[in-house]
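These are the structures in question, set out in turn.
Next come two complexes built around chain A: one with chain B, the other with chain C.
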Partner chain A sequence: MRPVPLFSPGRVATIASGTVTQLIRMKTFYFLLAFALVVVAAGNFNLPATPAQELSMIKKVSFGTMDLFAWLFAIVATALLIPRDQEDRTLYTILSKPVRRVEYLLGKLGGVLVVVGVSLVAMYAICATMIGVRESLFVAAEVEAMQADGRYSEEDIAGQVGLIRQQGLRPELAIAVLAFFLKAAVVAAVTIFLSTFASSSLFTIIVSILVFLVGHAHTMASSFWLHESGNSAFVRMLVKVVKILIPDFQLFAFSEGVVLGEAVVWPLVWQMGGLTLAYLAVFLLLSLLVFVDKEF
Partner chain B sequence: MKRLFQRLPRTVPVLALLAAFGLARGPIEEGLRARLVAANLLVPPPAQSAFEQMRQSVLMATLGGLRPLAATYLSLEAFDHFSTKSWDDLRRSYEIVTSLEPRDETHWVAVVWHLGINATANMEIDGRLPAFERERRFKEYAFQAIDFAERGIAQLPESAAIRLQLVEVYREKLKDDCAASRVYGDTIGLPGAPGFVRRFHGYYMARCPGREKEAYAYLTALYREGKSQRKPTLIKEIQDLEKKLGIPVPQRIPEADPDRPRPNQAPRRSSNVLPGGIVVP
Partner chain C sequence: MKERMSTPAVEVSNLTKVFSLGLRKEYVVAVDNLSFRVEAGEVYGLIGPNGSGKSTTMKVVLGLMAASKGSAKVFGLDSGDIRARNEIGFLPENPYFYKHLTGAETLRFYGKLCGMRGAALAKRTAELLKLVDLEGAANRRLGGYSKGMLQRIGLAQALVQHPRLVILDEPTAGVDPIGSRQIRDLILRLRDEGYTVFLCSHLLEQVQEVCDRVGILFRGRMRREGTLDELIAIEGQTTLTLEGASPALLERLRATVAEEGAEVLAEGHPRTSLEQLFIQIAERGGEENQPS
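Presenting the complex of A and B:
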């Protein structure tokens, strides 16, 4: 008999592809329709704003919604997977085969991340189309109006077009999408850890959302709480414990700066990628610690 | 060892690992945060005052990582206040919006435009208020707009758009030519600043009492730069200054007065006559 390897990327890939199929069968991609509606609605607000202001608003609404869908999707999809496998008895079939539990967890997480990644790319394509179309319409209208006026030099027209382009479709926006993906990956890893000991999907979803909200708020809210409590020792201790136990999701909001048009600092993007990998490794290890001896 | 590990409740290693990771990542994340804030990629937490002004829903959205969406929602709400001319509510909305997204230039430009131009214009014509009150509020809104603009410039020192909106308040509403000239001067050379700001800096300097000589030197220097700068307004301003300062004729610029009557020029239409001869009373 051939010995079973300790770890097989092939087995992980098989479980991941099964997870992708499972999520597609749950009709998860239908939320893209809702996203497209939000983007179209944002693109048709009739406000007395300059083209640059309007583009900025379309971008912020679209990317804000993209962020919301990404982390929410990561939580819900991950929370459903292990309980669903238990209900369908697929889990028993898988674990009775020579599949390590770490491979199972990695495969599940990998599958969710593939679906989140594909969804983000699809949302970005919808959003980029909208921004690109609006931008070219705005630029054409502005150039025509300025040329018809006759008072503006080529330099003035170029300046005005530059102002619109600054808020339009730029390749750096893809980094904002990457930031959403990194955040969703950490959220999925935390959720998979919670689902290893949770009793139901509902519990996992609620606790994961709470963890996400606290993880997003603790940096922002700690100064407020400390101020309100008169810098009390108890609140300081509580804040410290929360900061140690719960991931800091606010760091991943660096997408906001990118969407606003700030220059991307590549070393910081790589460092955020490294931090995400560390989160994934630790939370997978934590999940494994709980899952490894779990009796089904 | 293995047996001990198996006997330990799983909570112990889980909590230990979680705590160890939390302690290890703390300083790394603090350093990363500082670098992201310095690179303007991460927005620092909103000011204490902004937290106090936020309604519960907006506060929750902000804390929950939906800061851009909360800011957009409040901008739309501010537009609603603009439609109903609720200027104080509009100012309150923008106090929060600008705290949530201090590095978004469009919010600063919009609030300066709303308060400095729209609210002041409304005070000029609002017949429901006594004249004294209208005048008082007119100044109040104009100064609030200036305050917002200065805060915006402190956040975005390179912003030409905020300065151009501010200068409109000084120029059109407060009729403060000295301040207008100063702001135009500050705008020169900023990224995205239009070419006309150099000339406008001089035009408004010429109208600022006591700075006529300086304005004359500045505008003639622009004139000497060449044809691209020799716009009719520049020539007119220089000629007015030449007369005002008593510049000897040989030193004056050779151009004819752009406002002189020309033989083949069509007679000027009165300002209250529209094309087609329609008279506006």
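Presenting the complex of A and C:
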């Protein structure tokens, strides 16, 4: 009898690369074109605002769209993969090879995350190009205008340029992109868990989006229902259960501040990274508990 | 080799599989106390009508389903053991592989799942494409394959890791007679090469042509099992086929039969099957179209 390793990263990588190929050949990267159009449109608004405000608006629209595309793509791509494998019986041929179910789940999740990661890098490159170009144009125009006016000192000009740069292309923006990626990873893990027992992709997509929305209202809802004295014990318990079951997506909300030029609070970044890993582990474990004994 | 001779390729013992129908507390017994063995190196056919439990039995053997009672072993290992699956090549009924992959990519994908890499995998891919006569379509995506081509690439993926046991679920379902003949020839070739083949089908003529032993399943139970000769030979009757016999010779034979107290039950010209006729015509057509 030929030996089979207990766990094979090679098999996980094979399923992940198969998933990447599948998503690429489904022409999913076409959404990058839509994203590029949004960014170009945002970059060409001519608002009656200061250059700093205009840059801030470009960043808000571009990074908001990037965030939306990342989590929505993670949900849709993940929800399409496992139910489709099951419907098409491709799963039979994969699981009848020496593949453990945990390897299959990890491979699918890994493939989706690679595509989400590459997409985010591409979207960030598009954003960075647009913001960088606009920032340079704004700085040049502002310096020229202030010098031509003749009333401003070098310090005044440097201060004004600093204000524009504050809203321009800064390395901290990469942290916001990382937050989008980690949020998409948690959403994908939740979607994988749902797809292990859901009967259709549509159901999985709808429930995943609901979970995502509830996860955003976590802090607000729990502070309202848990601390209001008029609520019954049942409501309080229900809220506690929801708090445990649904990830808190407000965890990633600090990225909005980073996009708007606020300083990065590093303890929050570490907390985000740690909790993302914990959520991934919990949802993969739950998925495995359902999937390992599932009959096809 | 010793293990191959002594350990059965498949050993199903008292297998029962019960499905519950939702929340209604109703149950369906798909397989009922089923026992059989598939010896290493033979072609075993499990036949039965739709819903007789063939596919369920296969899924339990493949580890895709757990038995409610009893056990299924592959080369002595529990069917849920991952090492057992390394010895199995499986072709499901109406296989739908990833349509976005080409034939060669499909074989490489399944080969990698079995731990194959590099030159060994490239060599095996080329061998299998040749075996199933799909070298010309190796770089075409499966979305453009015909039903017969899909079955053949499915058979190739089943063989990619050199399994000792090949499980085929309705291998020729929906395939035209020529494609069906190609698959049948491949099964016979596999037997000659020492593979054990376990197939499920309700196409009885096909099973009769390729199987060494057959089990007849009906409503989840094994009704008859044995070699083809045991199952279909009619005791006490003999068939004699002659070529170029004159009417006088036939008359003398009839007289001899009558003298011996035997009886001629049927007399006439042997007939070819419609399938054979179709294949002959198609092959003749192919030869005529060959450039001279």
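Following the convention adopted for this analysis, the second predicted complex is superposed on the first by the 276 of 296 C-alpha atoms of A that agree within 3 Å, B and C clash if a C-alpha of one lies under 4 Å from a C-alpha of the other, contacts with A are read in each partner's own complex, and residues count from 1 in each chain.
Basically, contacts are C-beta pairs under 8 Å (C-beta built on N, C-alpha and C of every residue); 3 or more make two chains touch, one makes a residue touch a chain.
If you're wondering where the values come from, they're calculated on a predicted model, not measured in any experiment.
When the two complexes are superposed, the chain touching more residues of chain A, out of chain B and chain C, is B. Contacts of A:57 after superposition on the shared chain: chain B is touched, whereas chain C is not.
Contacts of A:243 after superposition: chain B is touched, whereas chain C is not reached. Once chain A of one complex is fitted onto chain A of the other, the partner contacts of A:221 are limited to chain B, with no touch recorded for chain C. After overlaying the two complexes on the shared chain, residue contacts for A:159 are found with chain B alone; chain C is out of touch. Of the two partner chains, chain C is the only one that A:295 touches; chain B does not reach it.
Within the superposed three-chain model, A:21 lies in touch with chain C and out of touch with chain B [touch as defined at top].
Residue overlap on chain A between the chain B contacts of one complex and the chain C contacts of the other covers 293.
The part of chain B that touches chain A in the complex is made up of residues 6, 10, 13-14, 17-19, 21-23, 25-26, 28-29, 32-33, 35-36, 39-43, 45-46, 48, 51, 62-69, 71-72, 75-76, 79, 101, 103-104, 106, 109-110, 161, 192-196, 228.
Residues 1-5, 8, 10-11, 14-15, 18, 21-22, 25-26, 88-90, 92-100, 293, 295-296 of chain A touch chain C in their complex.
Of all residues in chain C, only 59, 62-66, 75, 77, 82-83, 85-88, 90, 92, 94-98, 100-101, 105, 109-110, 112-115, 117, 154, 157, 161, 167 touch chain A in the complex they form. The touching residues of chain A, counted against chain B in their complex, run 45, 47-50, 52-53, 56-57, 60-61, 63-65, 67-68, 71, 153, 155-156, 159, 162-163, 166-167, 212-213, 216-217, 219-221, 223-224, 227, 243-245, 248-251, 253-254, 256-260, 262-265, 268, 271-272, 275, 278, 282, 285-286, 289-290, 293.
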